[in-house]
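In the two complexes below, chain A is the common chain; its partner is chain B in one and chain C in the other.
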Partner chain A sequence: MTTPVLQVNELQVSYHAHSGVVPAVRGVDLEIAHGETLGLAGESGCGKSTLALALLRLLPPTTKVTGSILFAGKDILTMRPGEVRAIRWAQASIIFQGAQHVLNPVRTIGRQIDEASETHGMNRSGGVAELLEIVGLGARRAKDYPHELSGGQKQRALIAMALACDPMLIIADEPTTALDVMIQAQILQMLEEIKRERGLSMLFITHDLSVLSQIADRVAIMYAGRVIEVGAGRDLLREFKHPYSIALAASFPVIGDTASRRNPRGLVGDPPSPNDLPSGCAFHPRCSVAIEKCRSTDVVLKSVSKSMDRRVACLHFGGQSD
Partner chain B sequence: MRACISVGKVTDEPLLVCDDVRVVYPPRNRGAKAAHAVDGIDLDVRKGEIVALVGESGCGKTTLARAILGLQAMSSGSIVFDAKPFPTGTADKKLFRRQAQIIFQDPTASLNPRHTVYEIVAEGLRIHGLAVDEHDVVVRALERCGLHPADQYLMKFPHELSGGQRQRVVIAGAMVLEPKLLVADEPVSSLDASVRGEILALLQTLAREQAMAVLVVTHDLGLAWNIADRIAVMYLGRIVEMGATEELLARPKHPYTRALLSVVREHRGMAKQILVGEMPDPTAIPSGCRFRQRCPLVQSGEAENLGIVPRCTSEDPVLLNHKDGVLVACHAAESSITSAKFGG
Partner chain C sequence: MSWRYLLKKVGGAFLTMAVVVVFNFFLFRIVDRDPLAKYRGRSKLTPEQRETMIRRMGLEGSKWDQFVVYVKSVFRLDFGRSFDSTQPVLEEIKMRLPATLLLVGVSTLLTIFIGLYIGTKAGWRRGSRFDKASTSASMVLYSTPEFFFGMLLLAFVAGRTGWFPTGGLRTVGADHDFVGNILDRLHHLVLPMLTLTLGYLGSYALIMRTSMIETLGEDYLVTARAKGLKDSEVMSRHAVPNALLPSVSLIAISCGYIIGGAITTETVFSYPGLGLATANAIQNNDLPMLQALFMLASAAVILFNLIADIIYAFLDPRVKRVE
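On to the complex of A and B.
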């Protein structure tokens, strides 16, 4: 087996707040192979964006990050700042959510894309014009300012920027969240094509499970700073095993499914706050199948069966530890 | 958890009737064109009914909602509320503002950060001089909206609540006034998925128990499937398709509805129909059918085969009644039409 593009081991991230240490990511293992898309789904506050920022060491210096983040075999956490800078953008780039806040309002789109490749020491042959064509904006848009573009077009510009240095890995943090469904479908289709043509790997972060069926090869579900279920995309999205994943999936209505008609479903209560996590399994206060043991026993990811690449962190799924 | 299932029934009495409502924003500067944000809408909402107004951003759905609430002046058309013409006098307007309430997408922005939950919910009562026993009314409203025991929440500030709890407070603040119409503008799109269902279930229960008409403005067809009795699909200032939820989502007739439905990934078994480009500007509405430049029927040549292309280019389609009760504004869909023009 070849080295994965990205391998994250036991990643822990905690913020220092005046109320004390706030654990945002609590021991996450992830792996992304060449050309693979890993979908990372979870609700706000589950630590998914913190995780994305930690991958390229973009968190404030007071943040405590432990574990290892192996990018093409080298640990990002122990690199010198210069080495990390060389990886950022040139090898792994990020598409942030909320394109309107990311772009500089007083610079043209072309200038900003150029800046990305210049800063990171790459000069692409085709340059800005080619990138804009790839993302479906057209070369003449290079002269436009962000306010002259619609939300979907801005998101396309950001994608062009992320591609500027031919990275191996793209970290996409909610790239389609603020967009209308039709524009969202356009962008996803385009990302899918770009990824296939260039053999890119991708970490696709979203709160919307339904997006993942379209784009992810493997899916990981996060809750309260942990991955609580992971498996092959299609298999996992067809049948969730963890009670949280099941409840989360049920809150996305299936049009035409009579069970959800006039019967919106969700979960009782709210996601826990990271500075006040429940004991034992963090999900137990909202879980419909929680037993006494769940209050006290912290659960880790375990394989559910040997044949499938499915692991679940739940007492109800004993399986074999790995 | 299973949500409460409806108790009451949708009545036949229309509470709100919009007739050819138009909102035109004048040109910003010389040489610019006027924006026809709402371009002739006929819509009615009955007591106890939940109607979802579905469309993409920029289609005019929020402008229409604002016009219905009197927050945006209409350019032409008329609105009848509770069998009375739209209020103009001060006293009538005040009564209307009690009877028609709105909740917005972001509960955090709707709540005064320096007011306690009690003050927020009681504010409307005070403005309208309503409550004999204010404390009692506030407590009951909060509990009805799922915040119980209410005592625990009364003295809290918005920042001490979660997003879902905040939206419940917003809804309680609207419900103390016992509105006849509730306009909910994207009520759950800023909330987490797991919380979303609970809030929708609450809206559904309130609509039934109070025989309150609810107009949900949303881009989310899944939400409409969850709670709406009827759906109106808007495109560029017009309703292009309208009908009972089950019928409309099972057999969408307008090519725009079909495309929208096909890209909602929750909807399986439908080939994806990703439209090219974006919705045109309301300052430059295309001639003929406003959807034709992006219409899959035109692009695939199907319109050509039907021989309707000249009509698509020159004739603005009107909403026509289909035999299953769905109204559609499309020349291609006209073949299965049985009755005459809607409302005509």
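On to the complex of A and C.
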């Protein structure tokens, strides 16, 4: 078996706030093979974006990160700053959410894309023009400033930027969240094509499960800083096992089913604050099938079927309740 | 930057100047109802003399006639004669302008560069020892009037050590060659320049620090770091160009204060520039001189703001759209 492009073991991230230590990611294991797309889904605040930034050590220096993050077998958490910079963008790049202020407003798109390859001493033959053509923006947009692009165009520019150094892995952090459905579909299709042509691996972070069915080979669902269910994309999205996954899926209206649109079965209550996590299974206060034991037992991911690589962190599965 | 933008800003500057010219006409008629009051004390004017003076100063006829005469002479840069020296005001100003331009020019450049550098560094390394030290120092500098520094420098550096002259533009009566003359003038410039620079450095540093800190939380800095840029590159290419934007207009405004600072500083060091001339004119009720000096100071402030608008358009591409 070949080394995975990215292997994350026991990753813990905690912020140091005035109120004390706030755990945002609480022991996550992930693995992404060559050419594979892992979809990572969860509500806002479940730690998925923190995870994305932690992978390239982009969190503020006061943040505590433990565990290991292996890029092609090397742990980025033990590297010197210079080595980390060499990994950034060259081996793994990030597609940020374009709606946010992620592009420098006073520099042209072209310069910002060029800067990435320049930093890593890569002189692409086609340069910025080629990258902009790939994402369907047209070479002439290189001279434009971010404010001259629409939301969808900005997202395309960010994808072009992520490709600048031919990375092995792309971390897409909610790349389609702020776009309307038509543009969203176009961007997803384009990502899918680029990924296939270049044999890229991808970590696709979203809160929208419907997007994952289109793009993910495997899916991991996160809740309160932990992965609570993981499995092959089609298999998992066809039938969720963890009560949280089921509830998350049910909160999206089903097309054609007007009843579900008028009254989506949302989750009761709010996601727990990382300051004050419930004991045992973090989901138990909102869970409809919680039993007394859920309050006290620390649940871990367990395989639920031998044939498929499906693991669930719930007492009701994998014989944990016994 | 578009021509339309430039034209609009230059037009605005001229309009502001026009308002200043009109305002000045009324200001000096409110200040003193009898412009010849100053002559009352010295010697009695005969009615004929009085008539002549009034005609020469353009004070005859209705207010509207006077206003027309005034505007015409302003356009001819004719501000009359100084009550004090009886020389034409324009000549008096021309004579003193170079000294003040040198003092204010050098001090402004020093303040901007040193102030922005300190502010940038302090803001980028927020909470560091450099930040704490420089911010406290900037606060002290900011809250102390510049003439107080001048007096301290005068008493302790010039007076005690004798390293620097206590005032003047050059050594009177000294016979220098060309180079020696320049060195002598620079020697006289050091303390007034230091006074003005120290007096306004603090505010620039504090302004830049604040905009730097506001920039620190921006997402595009995370993008820049994710691309593998060094810390120094993230700062110089992404943080500073954005942090400069709010600073530019604030700095232009405070450039106007430096002109005010020149009045007190030149007075402390008896530095014979326009600042000292202003102080003297105020003391002697030299209205023609004051009128011209006020107009010049206003023009300087308007010019600084125009320059800031132009620089701003170069720094921020979004300005093009905002018309």
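In this text, the second predicted complex is superposed on the first by the 309 of 322 C-alpha atoms of A that agree within 3 Å, B and C clash if a C-alpha of one lies under 4 Å from a C-alpha of the other, contacts with A are read in each partner's own complex, and residues count from 1 in each chain.
The criterion applied here is as follows: a residue touches a chain if its C-beta (ideal position, glycine included) is under 8 Å from a C-beta of that chain, and two chains touch if they have at least 3 such contacts.
The model shown is predicted, which means the values in this text are computed figures rather than measured ones.
Chain B and chain C, once both complexes are superposed via chain A, fit side by side. With both structures placed on the common chain, the touch criterion links A:His207 to chain B but leaves chain C unconnected. Of the two partner chains placed around the shared chain by superposition, chain B is the only one that A:Ala185 touches, whereas chain C remains out of contact. Rounded to the nearest 10, the angle at the Cα centre of chain A between the centres of chain B and chain C is 80 degrees. When the shared chain is aligned, no partner comes close enough to touch A:Lys74: not chain B, not chain C. One of chain B and chain C touches more residues of chain A, and that partner is B.
Touch criterion met: A:Ser93 reaches chain C, while chain B stays clear of it.
Of the two partner chains placed around the shared chain by superposition, chain C is the only one that A:His120 touches, whereas chain B remains out of contact.
Once the two complexes are laid over each other on the shared chain, residue contacts for A:Arg234 go to neither chain B nor chain C.
Look at A:Arg107: by the touch rule set out above, it reaches chain C but stays clear of chain B. Taken over all C-alpha pairs, chain B and chain C come no nearer than 8 Å in the superposed arrangement. Once both structures are placed on chain A, no chain A residue is touched by chain B and, in the other complex, by chain C. If you check the complex, the residues on chain A that touch chain C are 53, 56, 58, 85-90, 93-94, 96, 100-107, 115-116, 119-120, 145, 147, 161.
On the side of chain A, the complex with chain B involves touching residues 43-44, 150-153, 180-186, 189, 207-211, 213-214, 247-248, 250-256, 260-268, 270-271, 286, 288. Remark: chain B residues 1-3, 5-6, 56-57, 162-165, 192-201, 204, 219, 221-223, 225-227, 245-246, 249-250, 259-261, 263-268, 272, 274-275, 278 touch chain A in the complex. Touching chain A in their complex are the following residues of chain C: 218-220, 222-230, 233, 237-238, 241-242, 245, 315-318, 321.
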